[in-house]
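Please find the structures below.
After this come two complexes, each holding chain A, first together with chain B and then together with chain C.
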Partner chain A sequence: MSTDLENFAGLSSALTGIPLTFIAPSVDPIDLPTQFLAFIEPRITTEVLQALLTQYATLLADKVPPDQIAEAVLMNGAQPATTQTAQAARSIMKLWLLGVWYQPYAVGSHQPGDQLVVSDQAYTQSWAWRIAQAHPMGYSEFFFGYWNEVPPSLEDFTGVPASGQQGASS
Partner chain B sequence: MSTEQADVVIVGAGLAGSIIAYQLGLAGVKVLVLESGPEVPANRNQYLERFYTATLKTPESPYPPVSTLDTPRKPAEQNAPRATIADLILGWDNPEVSYLVQKGPLAFTSTYERVGGGTTWHWVATCLRMLPNDFRLKSLYGVGVDWPISYNDLQSAYCRAEAEIGVAANVADQAYLGMTFPDGYQFPMTSIPLSLVDGSFVAAVQGQSFDGLPLVVSPTPAGRNSQPYAGRRVCAGNTNCTPICPIQAKYDATVTLNNALNTGNVRVLYKTVASKVTVAADKSISGIEFIQYQLGDGPPTGTGVAVGQRYVIAAHAIETPKLLLNSTSPAWPKGVANSSGQVGRSLADHPIYLAWGLMPEGKAVFPYRGPVSTAGIESLRDGAFRSQRAAWRIEIGNEGFNWPVGDPYVTVADLIDGSNGSATNPLPPAKGPQQVLYGTGLVQKLNDLLTRQFRIGFLVEQVEDDPDNANCYIVPSTQYKDRLGIPRPEIHYDLSDYTKEGFRQAKLLATHIITELLGATELTKLLPPGRFTYKGDEYSFQGAGHLMGTYRMGDNPLTSVVDKDQRSWDHQNLFLVGDGVFPSTGTSNPSLTIAALSIQAGDTLANDLKTATVQAQANQPWQGTGVQINGPSPRLVRYLSGRWFASPVGGMVDGNGSAGLIAKPGYTLPGANEGALIGRIGSTGAPFLIGDLAPIPPGQQGELQLCINDDLQGRYGVGLADNQGALTVQVTFGTL
Partner chain C sequence: MRMEVHRPAPWLGCALFGAMLSPLASADPTLSTQIPFDVTATPPFSLTSLQQNFDEMSWQTFIALNWPALDNGDPNTGTPIGQQDGATVWESWKESYQIFLANGQTPNPWNAPATLPKTCEGLGSGRLLQQLGKVPDVLDEFIQPFESGPLVDQSGVYTRNEIVVNQPMFDDIVNNGLYSVQGQQKFFAADPKNTVAFSCGNSDTRQVGSLMVKASWKVLDGSDRRESFHTVDALVYTPGNSDRSKGPVVPESCKAEPVGLVGLHIVHKTSSAPQWVWSTFEHVDNVPEQSTPVAERKGPYLFYNASSQAPVNQPPPRPWNPAVKATPSQIVREASLTPATKTLNSTYQTLLRTVNPKSVWANYQLISTQWPTLTPQPPCQISKTEPLGRPAPSFLANTTLETYIQGTVPQASSSCIACHGNAATHVTESPRTSFADFTYLLERAQSTGATRSQP
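So, the complex of A and B:
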């Protein structure tokens, strides 16, 4: 039986499309899944978190593909679902992509619309920049002049091939 | 009240103040700098950390006092508040949340820092020179105001500023629209490579023109390292020059400030807010009163007065006039240095016309990589059109929609939530439906959108219709104060039709480039709070952070505040520096010109205090002058008066010696005129010809020695024994 942390990492991967080995690599000194899980629980409530993780674990056990798991969590037909689990899931997606927590609904002192960068690592490891085949502004690990050359492929950055592949290699 | 003494008191530890402090420190002048904000941190990690964790990543976000939207800081409760983007969002015309007390009719949308190092912490490092014609706008085009100096007057100072900042550029790329460089001149570093975004513009505008002028993309000269320079690292393309370069590959004034401190002659009092400039009965400045604090929102911890022989206000175009106008007295009811009434007047910026678009499908340009900007279209900065409308330069951005839209945040939210804040979900002309994405589809769509984004910014020249009665100005507020009780700046801001016509033409060209030359989808829309309507169309403008005007230089004390040396017409021991002295704005980002002018002011101040006048005897061999030459400061040796001769045959001559009598081998300087004035640095330095005026060769350190060009060894006769006379010589600071 998977732990909450494993289910959270798997759910995060299904929602964002970033492969699990990129979301939660086996050697992971930063360990954002643990940090994020601890951060979100009081903000979405334990009940909603457990509902999300259970939904994910159940679908996974049924061997539902990741994109269909995401659809089941997020959508109500062709429209975004308005349940708290769906709202929380969308905030979890933004957290991974941007490092920012967007409070989805009121919980205690946390009000809808509240925004918070969870940590410096949440920002520097956020995925939107890598999806752009770039780096977080202010956190380049590249070398002088790299901007004059075509970047490595989207797949190199994220493990996801581009729809029309663009980049130096794949 | 404490009293602090120095030879020179400088207000402001930013670019201008640091450069002058460094020059004076090298000259052996004791300098005290009063800086309103906190000290330069031991390393930049605390600022960087604040940036990383800021939700609102504005140019000010790394720096104190913290500026956020969720817990706004009330400017009335801050000891050294400053204008911020957060202020503009929270309420640009609400003085409860905006430090600037804005009276309109338009919003003034530029911001600045009050910390050690000043606003260079968050500049893009663009180091364009002003064009020769920018200095004579009135003479050539009948608008604006001429400068009292020309491009050529600034040439050597520009070179020195480029060395101090460390500018990366190639002369061949920069020699356009009349800009010239000294023979053989090379910038300190080679140019920064262009980005792929730039490359798309290079291809698109090739052979194209606008208004009869060619469209040419030029690499932007940048105060950013393309190779290791001055102990700092090479740019790693963090795309974050603004708000903060994580590795200091981009120059900021803390570099020069540290150099100043290392001279041993400069000290800085941080968290020390200059509150009043006092004037003696003889019209000279007698002191600068200040208030000190420890916590940004805590109580004052002390007061004092700084006293010196010379005073420099280097607090830019808002804080400098605020201080001067807050310094009224019965003898100076209009404030200090303000007999012309021009202090605070002609506040200017380079209001920016921002335009953006999405490249066609399949044409990724890969933004969010490299420095924030590496190229621009500079070929339209001057032309006959300037008699009719404002000029501009076009900055090409490498940061996608980060500035105009707030990306990647907005596009990410659009695709997750099914919203369309970015106007790319869907792209116009479609109005719907909005996609809601997740999983691999989300990654692929985001990648497709983010890699095709670009933006351009037109930096528009701001010209008043009637420059002597400007519509843009700052006065101290009679109602709103900061925590120290100092009246805050009240801003009145408007744009002339001349400037607005520049916007109209900018909009036309932007759309032409985006839609026709690039084949892209234009997504430009109106943004708050800078908005105006002109000829039936609405426009919005962004602040460039280029605060200019408000204490302009000129050649007429009735219509200007300082002379061409940046010395107050009213107070001979007061200098006002920074871009407040700009009589007109041109289109170049102002920092390089600020640096060049500050270097000239530094020379003037050093010469005021440390010019050495010495005598050289004809009948003596090498003579020490007591003047110590130290490498970084360029010096001049000038013949002042007197006559001498090296032999009765040549007769009495000045420093140029006897024309036609060429010194032989064994003379002080063979090949030069016999009897000429010769110098060397230290007893082993190579002799160099001074004549009546010469620069001291750079790169040497030691005592300046002087000598007549003669047969020192007596190889051809009696040597120095039959010489007569002496010359009086002056050793000054500066360049030819």
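So, the complex of A and C:
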């Protein structure tokens, strides 16, 4: 029986394609999964969150591959699904990629279209930077002179196999 | 010193801790002269368990480095730590002013005695203390990475600091010519792949890695209980300044005074921590915690006056002149010690008192240890994509050494690894200024005056 946090981390990995060990390292002083889970629950409602996590856990138990789990959550045949779980899932994807929460539908005082940078760490650790093989503006962990060197590969940054893409492999 | 560029492997997760860290060394609380070669990580691994392991390493290193020393600097194995106060192992190491000499001169050999400024000659043979902040000379603003201000004790006297390195690090600096600007230039010009990379501690080879110690001292006076401090007779040196554009005009001076240890950074590069392990200790009487209600801050404290209404954690107004008494600092610790660290402190303080109930070393406490949570693969190699290694805790400050930059603001508050990740060499022309392996010491290199070679 997985916890909500484990299911949320697994769902996040399936939605983004980023390996679980990168999304939720076992030793993680930043711990975005815990921060994000606590942040989104009041914004998508407990009912939608539980439906989403249950859908993920059920598919995982059935040994459905991660990309097909993402498709089942997000799509309705060839069209994007319009359910609240699908809308919430898309906002979760954007949260991981950009560190920004895009309110998917109205919940209490939270209105569709509301945008919020969740935290400084959500911003600096957001995956768009690493997918771009770059770093956030105003926050670089690289050493002096890094701008004069070829950045690490996409595979190094994301853990996603390069698959022959130019610049993606080491 | 690594003579080729780093090519670290992708991040592989914490499971490697079990494979690469030594199961041999004991982490049980003991009083030992042995400096740990690396952390001893005990499974199952978690952020909490590893923090505990690194904190234990910090205490074991603290004890080994503060062990009574023989004249040659080796630990005196016949005398237990704290039986009586005396010269310690790390106090025999090389201070930065002995390495980065005027005109980029070659440092004297490791075992050579320290040379003193002429002003200090004839005043005895005490330790030379001159720094007023984390930088070598508060009057020289050019070389300061940030100006955070001096710390003033309750008698209005500035605390003094020093930085020393152990022999492996000294040898790396000297053997590669990194003690002068021209030497650094030559090192990088020799091969474009050359990088500054000091040696790592290794449990397999039982090798102690590069170590730095930063110590802060207060001048002891009649209001201090000398018996509670580790003390040394120091030569408190103030470099002269006659250039008003660089700060207040002060005459060069040197005074023999007793000083007591109030803060101690221990920084150790190991195979599992190529971003180094950053341990920081303080005297237990330094400051109250911010979380302690004002009414319960009884003290007396060394850097806080319970009866004062002064705003806390504010640097003294400029000009900063060590020759003039200043308003005492009013300092609190912004981040409280964790319950686990307090418990570990109590364990080791109790152990130290088994040797001597009045051991001065039992009056020091670990504040915390900052360490990289990413396991290097291979060992001693820095991740290309996360070169800071995801440090834990994210922020760490010693109230005597990072007094005014405590807190949790990214890029502003004290994080040992994040700050020192910006350290660079003092080469300012071609071929390049380069990463200096988490130490600002190399920025102190001075020019020999020789014309620089062209790339």
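The rule is short, and it goes like this: the second predicted complex is superposed on the first by the 162 of 170 C-alpha atoms of A that agree within 3 Å, B and C clash if a C-alpha of one lies under 4 Å from a C-alpha of the other, contacts with A are read in each partner's own complex, and residues count from 1 in each chain.
Going forward, a contact is a pair of C-beta atoms (placed from the backbone, for glycine too) under 8 Å apart; a residue touches a chain by one contact, two chains touch by 3 or more.
Predicted model, so just to flag it, every value in this text is computed and none were measured.
Novice: Is A:30 touching anything from chain B or chain C once the two structures are fitted on A? First, second, both or neither.
Specialist: Second partner only.
Novice: If you stack the two complexes on chain A, which partner ends up touching A:21: first (chain B), second (chain C), both, or neither?
Specialist: Only chain C is touched by A:21; chain B is not.
Novice: Looking at the overlay, what does A:124 touch: chain B (first), chain C (second), both, or neither?
Specialist: both
Novice: For A:163, using the defined touch cut-off, is the partner it touches chain B, chain C, both, or neither? Pick first, second, both or neither.
Specialist: first
Novice: Can A:132 be said to touch chain B (first), chain C (second), both, or neither?
Specialist: first
Novice: Could you figure out whether chain B or chain C reaches more residues of chain A?
Specialist: Counting contacted residues of chain A, the larger count belongs to B.
Novice: Quick check for you: in the superposed arrangement, does A:144 touch first (chain B), second (chain C), both or neither?
Specialist: A:144 sits against chain B and chain C alike.
Novice: Let me check the overlay on chain A: which residues of chain A are in contact with chain B and also with chain C?
Specialist: Shared contact residues on chain A (touching chain B in one complex, chain C in the other): 120, 124, 138-139, 141-145, 148.
Novice: Considering only the defined contacts, which chain A positions touch chain C in the complex?
Specialist: The touching residues are 21-22, 25-30, 120-121, 124, 130, 138-139, 141-145, 148, 152, 155-157, 159.
Novice: What part of chain B is in contact with chain A in the complex they form?
Specialist: Checking each residue of chain B against chain A gives 48-49, 51-55, 57, 70, 193-196, 226, 234-240, 243-244, 246, 361-362, 364, 366-371, 374, 398-400, 402, 408-409, 412-413, 416-418, 436, 438-448, 450-451.
Novice: Could you pull out which chain A residues touch chain B in their complex?
Specialist: 14-18, 66-67, 70-71, 74-75, 79-80, 90, 93-94, 97-98, 100, 102, 114-117, 119-120, 123-124, 128-129, 131-135, 137-151, 154, 158, 160-164, 166
Novice: Would you tell me which residues of chain C are touching chain A in their complex?
Specialist: So the residues of chain C in touch with chain A come to 10-11, 13-15, 45-47, 50, 373, 384-388, 390-394, 410-411, 418, 421-422, 424, 432-435.
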